[in-house]
Amino acid sequence: MNFKGQHLLSVKDINLDLISELFNVADSMRIYATRQKVSRVLEGAVLGNMFFEPSTRTRVSFGCAFNLLGGEVRETTGLSNSALAKGESLYDTAQVLSGYSDIIAMRHPDPGSVAEFATGSRVPVINGGDGANEHPTQALLDLFTIHKELASQGKNIQDLSLTLLGDLKHGRTVHSLCQLLALYRNLKIQLISPEALSMPAHYVDLLTDAGHQVEVGNCLQQGLPTANVIYQTRIQEERFSTQEEANNYRGYFRLNKRIYSEHCQPGAVIMHPLPRDSRNDANELDNDLNTEPGLAIFRQTDNGVLVRMALFACILGVENQLKQYERDVNWFTGLNNRSE
Amino acid sequence: MNFKGQHLLSVKDINLDLISELFNVADSMRIYATRQKVSRVLEGAVLGNMFFEPSTRTRVSFGCAFNLLGGEVRETTGLSNSALAKGESLYDTAQVLSGYSDIIAMRHPDPGSVAEFATGSRVPVINGGDGANEHPTQALLDLFTIHKELASQGKNIQDLSLTLLGDLKHGRTVHSLCQLLALYRNLKIQLISPEALSMPAHYVDLLTDAGHQVEVGNCLQQGLPTANVIYQTRIQEERFSTQEEANNYRGYFRLNKRIYSEHCQPGAVIMHPLPRDSRNDANELDNDLNTEPGLAIFRQTDNGVLVRMALFACILGVENQLKQYERDVNWFTGLNNRSE
Amino acid sequence: MNFKGQHLLSVKDINLDLISELFNVADSMRIYATRQKVSRVLEGAVLGNMFFEPSTRTRVSFGCAFNLLGGEVRETTGLSNSALAKGESLYDTAQVLSGYSDIIAMRHPDPGSVAEFATGSRVPVINGGDGANEHPTQALLDLFTIHKELASQGKNIQDLSLTLLGDLKHGRTVHSLCQLLALYRNLKIQLISPEALSMPAHYVDLLTDAGHQVEVGNCLQQGLPTANVIYQTRIQEERFSTQEEANNYRGYFRLNKRIYSEHCQPGAVIMHPLPRDSRNDANELDNDLNTEPGLAIFRQTDNGVLVRMALFACILGVENQLKQYERDVNWFTGLNNRSE
């Protein structure tokens, strides 16, 4: 089993063999993403970058990844203008758009919509996020980041002690990540959230059944000392059932330099799905962590390009032809401080 | 007379020689559109894909067609954000934008706007739809589809028995198609619509004067048995003068598998300008026709790419250089079930 | 000092050496912009064309300029959809987006925003306009146009007699142009506006201190006879403090063929930042000037492509490699009437 010619609709489609294949290819993409070399392996191919829900970051990441392989990108950036708004079925839209493209990345606000779209598509479809349901490329880039961050410390995935922190009830990204982590065995996983926003039992069971050492708690300090990777997500106050409970936790799950220094292991890795809310009243990662070497949030988004390049290459079956279409970079690259 | 260096503003600019030239080139585009080969003949050229009215399907079709010839696409996707909204004349906009592009495809909500724009453009302009007025590339792809569908049955255009079905009063696409059909002689054409939505006399006269055998009626079954091509358009209930009349026709012009099997010739071709409204209360082509081999609606949109590629190539004078810039396709193409 | 690897955030970053370097390179871009040749020097590079404020003209000009060097463009076209609207800091946005691109052009409604963004960017950033603050590429293309228009009359910059005309109080473009002009010595500059919309004293002092011969006035005819270049900007009536004053000037600053013939030197150059409002009640350049050879407004926007190509080439350090990546143009170019 491999990615060639397949859709990527759900993390449920992923197994350890696919992860291994994908991450190896992602590693080989680094020289192109950091502009040490150019590869034109997909010159002449067209990506349909169909974002029926607005997004800058993910949309541009997909498009850039395809450009870096030499391909062209046609895109759309909203629902209201589209034929979908005139009652066209996702099946019809897919039939039409797949006549224009070699591969399609699609985001849509409705859960299940991308899978429905895929039934009408004559080319492979990658789910770029379907509402509250799935965002598999985010889960893959998160897992890839965990691998690379551990490796940079001379560790591997079996050394992982991961703390998921924040709103674990609603976060699509942490749910998808848990599904991927369930493919492994005997990891240490701490699930730290306000009680009202705790991880759904289904996912706790999934991790426990996989043989992981799972700890559940509601105290920030509880999850920090044992973790070598901390994955922070946003807490929105309106998500609490009462204002009193919201008040109890106000500012409490905000990770900053003081808390990090006091409670975390030296060099502990900090991840976040981004965007982080940097307004004063937000419960997010503090900007005073920006100079902390453990802050991996921008390495994480850089990894998104690698993983998406790898997905395009594997699905279109060109992962072994990159060198053949390689060229030197002839322009100035100020990218030396990019994550390596 | 040929397309080289010309605007395409109206179907009135078209004659049989141009159609013959264009359709021959469109045929030669199929190997590129189906990714059997890549051609980079327009590498370095820029299309200004100026959609001052939102559109996904037509905009992406134009952009994809240009990419498939190796060119780049710059585009805009709405009116409100543009200088036009600040009182800039179409002449000025054209002067400016034509300084950026080698060719421009343009859609705009106002009838006549694209022709006005063309007076200020220093590069060829293709009308991508100017309100209720014209949409010449749609008419050309419709006519091309009729040619190809007949050919696949061993017939040619003189064997055509065409039924136009639905709202023939307001449909820009059927009006433009009639103007192209008026270039031919002695075809069988049935115009079937509710009386309130019948084809304007001008177009009926145009077809009659061209020597076609024209039949006008308001009964669905009337137009079906004799047709080898059926062109269905949408009926919107609000278009009737009274609700009573709307009620009379409710659901009546909906073509589905039962009606098709009962009344149509085996293999009769079904076309539609798309999008079709697939909501339950819509008077459109039923989804149960999706498996019918005669359903040509997605071959029709695929043909749109061929026709637009051919237009770009002929207008930019590269139609004889495609082979010279040809390369092998080195990636997986899941496009084997594309229309051939 | 040169452009290589630098941001371009403000005209304050510019000196005469940089102008000389840039304009020489811009001259060398003309054969590519007029499609006499193609250069693929940036094939494989990606421009992040980040317009967090809508714009067609400037956005497409940047994108086209990058395409004409062989590079790819990823872009965004509005603020509301973006992570910035979710409280993401400009620093974070820059960290993320600079991981996708080799260079970024950015427009944003807030003064100072692009400079703030640049602090987080790992690649060079070009300011494409930050609200009322700066629009340095417009100032550069204006100055380049002045140079070229004078040269076409056998003159050089020291022969300049420039009249800035219209709303000199609010016009971002004329303010930036004044800052560039302050790099020169002993030019003739007339500042003609209604009193309520006169040039801020700061800029008058800047020009005077640079040793220019500055004349200030409020009478249209006053500025015209001595000028060999006239730079007209828009006057919006709501900008006057009282309706009476607005009435005094209504239509008064509208330059048309009659006024031009009566008061201007033969061949006097007319510039405008565009778009010009061509509605009947607008105080703008009249359309009856369209056939006047001195009307340079479209040569001005054409020059924008040259200047932006030159900026990309100089910042990315490929300005000496253009020939090496040069190819013949194999398609029809109807661009013979482009400005040469």
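Brief remarks on what is shown
Note that the chains take the letters A, B and C in the order they are written out, and that residue 1 is the start of every chain.
Following the convention adopted for this analysis, a residue touches a chain if its C-beta (ideal position, glycine included) is under 8 Å from a C-beta of that chain, and two chains touch if they have at least 3 such contacts.
Here the structure is a predicted model, which means the values were calculated and not measured.
Shared numbers divided by all numbers used gives the overlap of an interface; between chain B and chain C this overlap falls below half, so the copies present different residues. Chain A maps onto chain C through a rotation of 120 degrees [Cα fit, steps of 5, range 0 to 180].
One inter-chain figure worth recording: chain B and chain C are separated by 40 Å, centre to centre, where each centre is the mean of the chain's CA atoms.
Chain contacts: chain C has residues 72, 77 touching two or more partner chains. Note for the complex: chain B touches chain C at residues 4-5, 41-46, 48, 72, 74, 76-77, 80-83, 86-89, 91-93, 95-97, 99-102, 122-124, 315-318, 321, 325.
On chain C, the positions that touch chain B within their shared complex are 35, 38, 40, 54-57, 59-61, 63-64, 67-68, 70, 72-73, 77-78, 274-279, 282, 287, 290, 298, 301-302, 305, 327, 329-335, 337-338.
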